[in-house]
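Here come two complexes built around chain A, the first alongside chain B, the second alongside chain C.
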Partner chain A sequence: MSTRKAALLRAIRGPIMLLTLGSLFAWDHSGGLAFTQSFPLLLIVYGVLKLLERTAVSAADPGGTE
Partner chain B sequence: MRPRSMVGPLLLIGLGSLLLLHTLRPQPGLLAIFGRYWPFILIGWGLVRLLEIVYWRIRRFPLPAYGISGAEWTAIILICLAGSALHAVERYRPWDRLGAVASRRLELFGRSYEYTIAEQRLPAPTAARLLVENLRGTTRITGAETQEIRVSGRKTLRAVHDAEASQADRNTPVELSRDADRVVLRTNLDRVASDLAASAHIEVVVPRGTAVEVRSRNADLEASSLASLEFSSESGSARARNISGPVRFILGRAALISLVEATGPVEIAVRRGRDLEVEAVKGAVTLEGYYSGDLRLASLGGPLRFQNVQTTLKLQKLPGRIQMDLGDLTGVRLEGPVHFSSSRACDVQLDEFAQGAEISVDSGDIRLRPAPSALGPIHARTRSGDIELALPEQAAFQLRARTARGTIFNHFGPLLRETSEGERASVLTGGTTGHPMHLETMRGSITVRKDTVAPPSRSADRSPRQIEIGARKGTPRAQHHRVRYAHDGTVAGILISMRRRTSLPPPQPWANAGQRPPWL
Partner chain C sequence: MNCPIHPDSPVVAYCRTCGQPLCTECRRIAAGTVYCQQHLPAIVPPSPSPPPSTFAAGSSPGLAFLLGLIPGVGAVYNGQYAKGIVHVVIFGLLISLTTSEAVRGFEPLFGMLIAIFYIYMPFEAYHTARRRRLGEVVDEFSSILPLRSHAGRFPAGPILLIALGLLFLLHNLELLRIERLLRYWPVLLIGLGVYMLYCRLSGYRKPGAKSEEHQDVNP
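Our next item is the complex of A and B:
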């Protein structure tokens, strides 16, 4: 079950990063926070997604042989 | 087998539709719109891919290893680069600097020559029409108590040798000729190469009743005391005063257009302009095009219509004045119904307007104070921003004000009733007779207050006041400023918009008269 969850998380990682990227640029263009200031959010989102993915993989394979 | 993604076909359909729209109905701001809204392509793209993956998972199709492929990331990076470049070009307008460099290029070579244009005279026919063709330079036309047409001026050009300059001067004679009831004035600058930068600065005196048409490519026009005026040019500026008939300006790029005192209908169409000033016009005024600077309109006796792809403004008469720039509209003493809609962010402040108003902006604050003597229906809508409506205490009205997310301030007490809609929305209703007042904001506060400000005083202090503007460090880089007027016509404050991401301390833009800005 958790392997499938990890596959899902890996598959949606790209679209979510793209959504975040588009939102940050839209925020910049609408006069909000500049992209040069908000880009670290991309790293945070990427890190959170990787963390969730690894958690799911660990749950599926406690021995860490993935 | 997993189905293929729909993003590619959707992008192709979107791109094809946009190009079709552009070929069928060319709109000058299409690239600018892409430069502004391209991040939403990424958002839509990501959303579609996300939904697809969730759908595949539910239908138990095999999921892709990665939601976005390498080729897709390449396309996304290209879109980001193109969109950012367009956005930067639209914001910083580098072509202004490039144009300045190009015009100075020739100054490195050769030297400037100046020739006097000998005065020419021609008896003017009755009800004369004058056609002026002056491609480059300045044209000044003055109506006077005279029965003849007089032309004088000077010509400038750049050349490497004296002989080349003399030859160019001989090839570009200024011709004044009569053709039936029409007089034609030509400077013939098209007969020499454009790199000589030949330009003619001509002064023309004509009888007061003359109808004048001026055709140029890159020239400035000054005209006064004429029967009618028509001016067309690729770029330039136009100043006209005291025109007793129709006025028509058709310009590509216009640095400044100023028209003061005109009787007939006025039509001004520009592709891209900076500042516009129209004052004391008795006829209808029609304005079309983009203006990046200030629009100042005052004392218009006929209907006003201003329109471009993003903004529409219509009203019946303007005894007071309107000042508008890219982000603000301020108006005093307007006769409506006033209709203003903008698909971009814009703060709106209207005082003493008659016969109601219909205001719709994408985002921005709306402040309305209708004239107590001529209330009309009011509809105000903003997606994100505060709305404030000031009504006379004894006025009869039927109010419905709704904020989807924000606070309502009711100064009319139990006359109006506030209710909740859902978790966050608030609605203020009240009144059974009188004009309908509909206010709606998706995110922001709504204030309905009593108009208790004293009526305008003629003895109001109109003496000029000086405000010092400076910076703690470096030079303040103000992009534009705007004067906000109080209801009685005095200056209430000056809004100075600073360039974003400046090192100066951020927004405290309002500096009241006589008060130093906080960063000083």
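Our next item is the complex of A and C:
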């Protein structure tokens, strides 16, 4: 169950990163925060996704690889 | 219907050449086709040989060494993209620290660290490429601290990413100045020591804690 969740999280990582990137660019173009200022949000989103994936994997098999 | 040779076993297949009924024991499979013992074609050896040659072609240690002279590219050549980014970040961080005013009086130390790290990268790429050529499976973060080696471990990689993101975000929103924070760079050494201690103590006897002896190489 959790393995499937981890696989799902891994699968949605790319689209979510793309969504975030697009949103940040849109925000920049609409006169909000410049992309050069808001890029750390990409790092944060990626880190959160990795963390969720990791917790799902360790819930599935503690001690297994990957 | 049962096999003529093994009367207890049911027939599961027929020889493609003579049509003899075969049970699981008599069945011989060659190149995905079922044969009996008599009509089994001579074993064709070429199938196992191509994978090593193509594998070796993708990892030349010499080329890895040369590319390793460009920060991060050696690791990328070995297919270790995350490690390449880590190399670039460490290298850039060392240079930024040296040129910033945060390291009052420690410029020689950081200069040496830059030199050592610059030499370390191509050698690391060389050894990784050699291990790949020998057919060993190399971890994404091999020979770096075991950032994400096992599921039960402390998730240092993601937390580091989140912390870095928060730091840069706060800096960009002018809520906090990184320059001022860099004065506390020795805290990094303390954190590294605590993390290594944690890894050694928690994963010491676990099977698969393999990159233990490589840790000392990393500056």
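Everything that follows uses one rule, which is that the second predicted complex is superposed on the first by the 63 of 66 C-alpha atoms of A that agree within 3 Å, B and C clash if a C-alpha of one lies under 4 Å from a C-alpha of the other, contacts with A are read in each partner's own complex, and residues count from 1 in each chain.
The criterion applied here is as follows: contacts are C-beta pairs under 8 Å (C-beta built on N, C-alpha and C of every residue); 3 or more make two chains touch, one makes a residue touch a chain.
Model, not experiment: these values are computed from the prediction.
Engineer: Does chain B (first) or chain C (second) touch A:Ser23, or do both, or does neither?
Structural biologist: Only chain B; A:Ser23 stays clear of chain C.
Engineer: Looking at A:Val57, would you say it contacts chain B, chain C, both, or neither? Reply first, second, both or neither.
Structural biologist: Only chain C is touched by A:Val57; chain B is not.
Engineer: Would you check which partner chain A:Leu42 touches, where first means chain B only, second means chain C only, and both and neither mean what they say?
Structural biologist: So A:Leu42 only meets chain C here.
Engineer: Would you tell me the residues on chain A in contact with chain B in one complex that are also in contact with chain C in the other?
Structural biologist: Of chain A, residues 36 contact chain B in one complex and chain C in the other.
Engineer: Okay, in this complex, where on chain B does chain A touch?
Structural biologist: Checking each residue of chain B against chain A gives 36-47, 49-50, 53-54, 57, 63-68, 72-73, 76, 80, 83-84, 87, 345, 500-501.
Engineer: Going by the contact rule at the top, pick out the chain A residues touching chain C in the complex.
Structural biologist: Interface residues on the chain A side: 36-44, 46-48, 50-51, 54-55, 57-58, 60-66.
Engineer: Please output the residues of chain A touching chain B within their complex, sorted ascending.
Structural biologist: 7-8, 10-26, 28-31, 34, 36
Engineer: So in the complex, the part of chain C that touches chain A is made up of which residues?
Structural biologist: 148-152, 155, 157-162, 164-169, 172-173, 206, 208
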